[in-house]
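You will see subunit A twice below: alongside subunit B first, and alongside subunit C after that.
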Partner chain A sequence: MTTYIIRRLLLVIPVLFIVATVTFFLMHNVPGGPFTMDRPLPPAVQRNLNHKYHLDKPVWEQYLLYLRDVLHGDFGESFAQRGRSVASIIKHEFKPTAQLGIAAFLVAAVVGITLGATAAFNQNGPIDYLCVFFSTIGASFPSFIIAAFLIILFVVKLHWFKQLGWGDLRHDVLPVISLAFLPASYISRITRASVLEVIRQDYVRTARAKGLREIAVDLRHVLRNSLIPILTLLGPILAGLLSGSFIIEYVFSIPGIGRETVDSIFNRDYGVIMGTTLFYAFLIVIANLVVDILYAAVDPRIRYS
Partner chain B sequence: MRQKSRALLTMGGLLTAAALAMACGSSNNANKNNTANNAAKPSAVASAAASAAASAAAPGTAAAKPSAAAASPAAQATNQRPADAAPPDQQKLTVRLAAEPEFLDPQQSEFEQDIAVEHLLFRGLFVFDKDGNLVPALATEIPTKENGGISADGLTYTIHMKTGQKFSNGDPITAQTMEYTLKRELDPKVAGSYAGFYYDIVGGQAYSTALGTKDKPKNPTDQELQQLRDAVAVKALDDTTLQVKLTAPSGSFLDRLAIWGAYPADKNVIDKFGDKAYDPANLVGNGPYILKEYAAKDHITLVANPNYTLDPKPIIQTLTIRLIDDSSQAFNAWKNGELDETDVPGASAQQVFNDPNLSKLVIKFPEQSTRGIEFNLTQKPFDNPKVRMAIAKAVDRNALAQVVFQGTVQPGATWLPPGLPGYDKANEDIQKYDPAAAKQLLADAGYPNGQGFPVTKIILTQSPTNQNLFDFLSKQLKDNLNITIQADIVDGKTRSQRYTNRQFELFWGGWIGDYPNADDWTNDLWTTGGTTNKPGYSNPQFDQCVKQAMQEADQKKAATLYAQCDKIMLQDAALAVMDHDLRVNIFQPKVKGVVPALTDAGWAGEALFESVYIAKQ
Partner chain C sequence: MATVEDAGVFSAGEVYGRQRNLWVDAFRRLIRNRFALIGLIVVATFAILAIFAGPLGRYDPYNYQNYSALNQAPSLKHFFGTDDIGHDNWARVLVGLRVSLSVSLSVAAIVFLIGTAMGCLAALGGNATDTIVMRIVDIAYAFPDLLLIIIIEAVFRAGLWQTIVAISLVAWTTIARLVRGQMLSLKQSDFVLAARTIGASEPRIIVQHILPNTLGPVIVALTFIIPAAIFSEAALTFVGFGLPPPTASLGRLIFHGYETISVNPWIVTFSALAVALLMLSFTFIGDGLRDALDPRSRGAK
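Now for the complex of A and B:
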């Protein structure tokens, strides 16, 4: 198992290298640069700017310089927020995104699994219908529509919460709920289907026949065995939530990395584009690894050589 | 199936509650970059020459900087507090900026949001009053030929500065400071975007272009650069006298000394911190406010500068600038009391204007802006002036302003906007809406009833308003001229790139003025071979007219000449002018004393912010 983990971790390096290369050359091939302005600059001024930020060198040379800097831990500086290093931008802006992402993840996982499992245990009961209804709504409504609903009701009409910013309860509840809706609906769906399948298995009937209390049957046998398909979902969901939701961060004015990723592309902020892309790639690789390890933990039949 | 697993449900419910509580109990706002009160710390105020282009966030407009100052009411000049002002501890204001400043270095700034904040952190030699006239700030008086400030031949400027002026950290501001500032603006290593505005200083262009261009780069040694710098004709004759020599007389040079490019730079701070001199922790200015806190992408906090050496002193003690992308969300926040000021979003404009209570709180004020359909004049079919004029006459501007922009713009048909010297109402008739005349012109050009006219594309950025704009324009051109246009939707940078490289047929663009002189609107922009003349307009008559107007010493005569230049351009239909943008802000009822000015770059009244106050409630 340990060798497996080490091998997977070593794979991170070539993955990131490929991501970096493809992104770098794609980025430089898109029209416009960080200093392309609405008002065209006189050629001498354009030259001064490009020279100052080393953009006048050929692309392959800039690429090699970038690689060299990255290997020394220097991810460069931002053009759109001059004077701030890419590393510090990511470090600062990841914090609210991570808080938002983890909170939304926990809410989605708990609500989703609870609702889905309860629905499955009470199939065709009222909870079941609620679960199906909820998961359909959650999957059909984009997060910003849900956000708009919540804002109109809770901010503008009731004044219970504040809309813009991040940091305390009054600011945080609505973005977390808006973000959690979609993953919660998916998770509840999958949970319900998975539990329904497991609950019909022979070994569950055996466990009951052996005289186990229902709750023990439900938790130890049914849920545990239903978890694999749910786990498949949870890993990428967490990675996706951690990389930030641009829409939610935009609507609620949260200074997070989701917004930064999209903004940097619009601004052609090369250093930040590279930094956020590499960061996201890294998160996905790690999330996939964690899911695979959890598989092994949950299902003893799965073993990695 | 067995009994309901109530336990499961309750457990789930408890866990959810716990998760929510955990998530929401997160610590109060990360990333506050708490800048200690800069009064004590030395920091360099680098104010390189003004950047050439201030890019506003507005789609479809070529960015330029508005600049006209509003006059302060008499009470301000005497530092008298208005009778209904709340006590000082309640003088707090929260405003909205749509985009984050790039860098608060006046010599490198080009975006409106940067300039808006710099209006509060710095004061230059002169300031514009609300009517766009120059008023002395660091200078003692406005130099003129009569008082000897300008030489008889118009080439030498001698500016006297007030004594006792200081940066917020106590460093003195002298003529040497201003010499350093202007040279910094022209320094090719600083790469100020507005350096081009100071090329008429003797030696200025040579210094700024010392590195050559992309096609013909040069590599001067440090010694050569120093020589070029010393050759720039800006000299401190003594501590309070600054002398500048120009290559040609100009009616707008003093205006250009009043804009951000010439905001004083503190050499001590720049020498000490280098590139980091304008980081929030180090930044030092001389304006009515100092930077207290800079939370990236979230908000900026300014507090009144206790060492402000000019008058009047500001009344608002704490100004919080919140950085909010989306105007609809900002408006919700305003309704919720989280903001004291915001922009009225286009979608809500009609509703706000018609509401008896809200409409009283709105301030609608012209920006120095003109917008319209620009053409690529170097290729068919728009190389034909009849075609261009046909398009100009085929669009109903009044309907455009109402239907697409909900009354947040002012319809117009002149390049020079109302309020700018050189604007002539009579010129509005040249491109007036006249569908019959438009049809005739198109037929005269060889496309009767649009027959044979190619399908052309107009470049726009992605936004709901631009979608409406395109729908409107394409329908008008179809109905009135029977020609078809298509939308070429691209993102902001691609749009700028296409414009710079002249890769367009039609373009929704325009201009925002940097200072209230028409040379900013004509020279290099529409003159033959101008570096910023991307449409490719060329008319020697126009060139001659502009040259004459620029050299005219009498500003009134110059204005008449500029009106003639405008007429030539409009008759050639160099572009099809459509409207002038308005700034539409809404304020909480407790905010008083707002004096909007054409120089405002962020929100109404910010260029002359000393007059704003919170009223007693």
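Now for the complex of A and C:
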């Protein structure tokens, strides 16, 4: 197991290297540059800036310089927000995104698992139909559509919340619901299917036959075993929430890392594009790794060599 | 359904007939599924509305601007109301449907071709090509989808075809993975072994036996790629990439509707509902197709 983890961790390096390479050359093929914006700088200033950031060198040379800097732990500086380092931007802007993402993740997991399990234990009952309805509908309502309906109801009609702003807990409610809706419906669908499968297993009948109380059978034997397939989903869902929330950050004008990334692509802010893409890729790869390890930890049938 | 009794004596013609009925059977099962049928009807209706967006829209979606009727609620004159510069929202939603449908169906077609080709290449092309193709797929998985699409889109610049290509370049990996897995397991199956024993050539086995059997799961996966593509286009346009203005795609309508949401919630409501209904219908069709094409569920009804 330890060798497996070490091998997987070592594999992270080539993956990040290739992600860096692909992004670097893609981004340098985007027409325009960081200093060719609407308000043109004097040619001499432009020349000096280009020289300072090595933008006057051939792309492959810039690429090698960038790799050298990254290997020394230096992710460079932002062009658009002069004076701020990419590392500090990521550190600062990731906080709201992480706060929202983790809150939405917890809401989605709790709501999804509770709803899915309750539905399966009462198969064909009203809660079951509600769950099936919710999981089918939920999968077709992307976050920004949920957000639109939430805003119309709670901001425009009821005046319970404000749409824009960031900082106090009230501002978290609508974005978290918008983000959690789709993953919650997804988790409830998988939980329901998984519980329904486990309920019919022989060891559940055995547990019941030996006289265990119903609640003990449901929690210890059914739910615990049906959570295994859900575990594999949670990693990608968390990674998706942390990397895919930029639309919600736009809608509620939250100063998060997703918005920063999209803005950096607009501004040709090369350092920030590279930094945030690498950061995201790292999150996704690590999330997948953690899931694989967890999978082996909870299911004794799975062994990695 | 055929029972054991009427399978007693059968001619070659009957066998051939049953084989051809596979797709007819699947379609029959599909429309027996109530949700899938609703999905099909909604998609068909939306397609008709999109194709005849011109006459059905009643107003010019771009050039008609009525400055004495701004931000109106739905009425007989303007079915879906008007926006803050007097555009008729009904006409614009119809054009938006046209954009969303053409983007998503084109993406599905391109993804089908690239995904199947790459999947075949990986499964049948030997170890070296398999490794190369699957490493490309793995790398693509390490990128956040929408951000990769945005970077590709930025390289190509905004536009209809550019959006389609950018979404396709990211979405094909799912199909390639699926086709490869299917083919690798079909290669080991008994009916392929049987075909090989009676002397069928390798290309014939692939074209006649393996390829048609991978088609079912691929079609199901494609119906789920369609709503994902509708979402991607809307999301891209929403944050300012995707289709350039003035194109009235559903993403732009939602984006524009957000700006006036406090004075006129109708714009965002109707365009968001159109996206959601479209995605929901394709999901229903996909679910129905999965049941209809799954050989294990056959004969159960």
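Some points to look at:
We adopt the following convention: the second predicted complex is superposed on the first by the 291 of 305 C-alpha atoms of A that agree within 3 Å, B and C clash if a C-alpha of one lies under 4 Å from a C-alpha of the other, contacts with A are read in each partner's own complex, and residues count from 1 in each chain.
The rule is simple: contacts are C-beta pairs under 8 Å (C-beta built on N, C-alpha and C of every residue); 3 or more make two chains touch, one makes a residue touch a chain.
Everything quoted here is computed from the prediction, not taken from an experiment.
Partners subunit B and subunit C, once the complexes are superposed on subunit A, run into each other and clash.
Shared-chain residue A:Phe266: touches subunit B and subunit C both.
When the two structures are aligned on the shared chain, A:Val251 is found in touch with subunit B and with subunit C. When the two structures are aligned on the shared chain, A:Val156 is found in touch with subunit B and with subunit C. In the superposition on chain A, A:Ala87 makes contact with neither subunit B nor subunit C. In the superposition on chain A, A:Leu130 contacts neither subunit B nor subunit C.
By the touch criterion defined above, A:Asn29 reaches subunit C but does not reach subunit B. In the overlay built on the shared chain, the residue A:Leu294 is in contact with neither subunit B nor subunit C. When both structures are laid over each other on chain A, subunit C collides with subunit B only at 459-467; the other stretches in 135-143, 243-251, 441-449 or 459-467 stay clear. Common to the subunit B and subunit C interfaces on subunit A are residues 30-31, 151, 155-156, 163, 250-251, 266. By the touch criterion stated above, subunit C contacts subunit A in their complex at residues 35, 138-139, 141-147, 150-152, 154-155, 157, 227, 231, 234-235, 238-241, 254, 257-258, 261-262, 265, 268-269, 272, 275-277, 279-280, 283-284, 287. In the complex of the two chains, the subunit A residues touching subunit B come out as 30-33, 36-52, 56, 79-84, 89, 92-93, 95-96, 99-100, 102-104, 106-107, 110-111, 113-115, 117-118, 121-123, 125, 127, 151, 155-156, 159, 162-169, 172-173, 176, 208, 214-215, 218-219, 250-253, 255, 259-260, 266-268. Here subunit A touches subunit C in the complex through residues 15-16, 18-19, 22-23, 26-27, 29-31, 136-137, 139-142, 144-145, 148-149, 151-152, 155-156, 163, 240, 243-244, 246-247, 250-251, 261-262, 265-266, 273, 277, 280-281, 284-285, going by the rule given at the top. Those residues of subunit B that touch subunit A in the complex are listed here as 1-5, 7-9, 11-13, 15-16, 19-20, 22-31, 52-56, 61-64, 100, 102-103, 105, 108, 110, 188-193, 195-196, 208-209, 211-214, 217, 275-276, 278-279, 295-298, 322-326, 329-330, 332-333, 335-336, 338, 491-494, 496-500, 531-532, 534.
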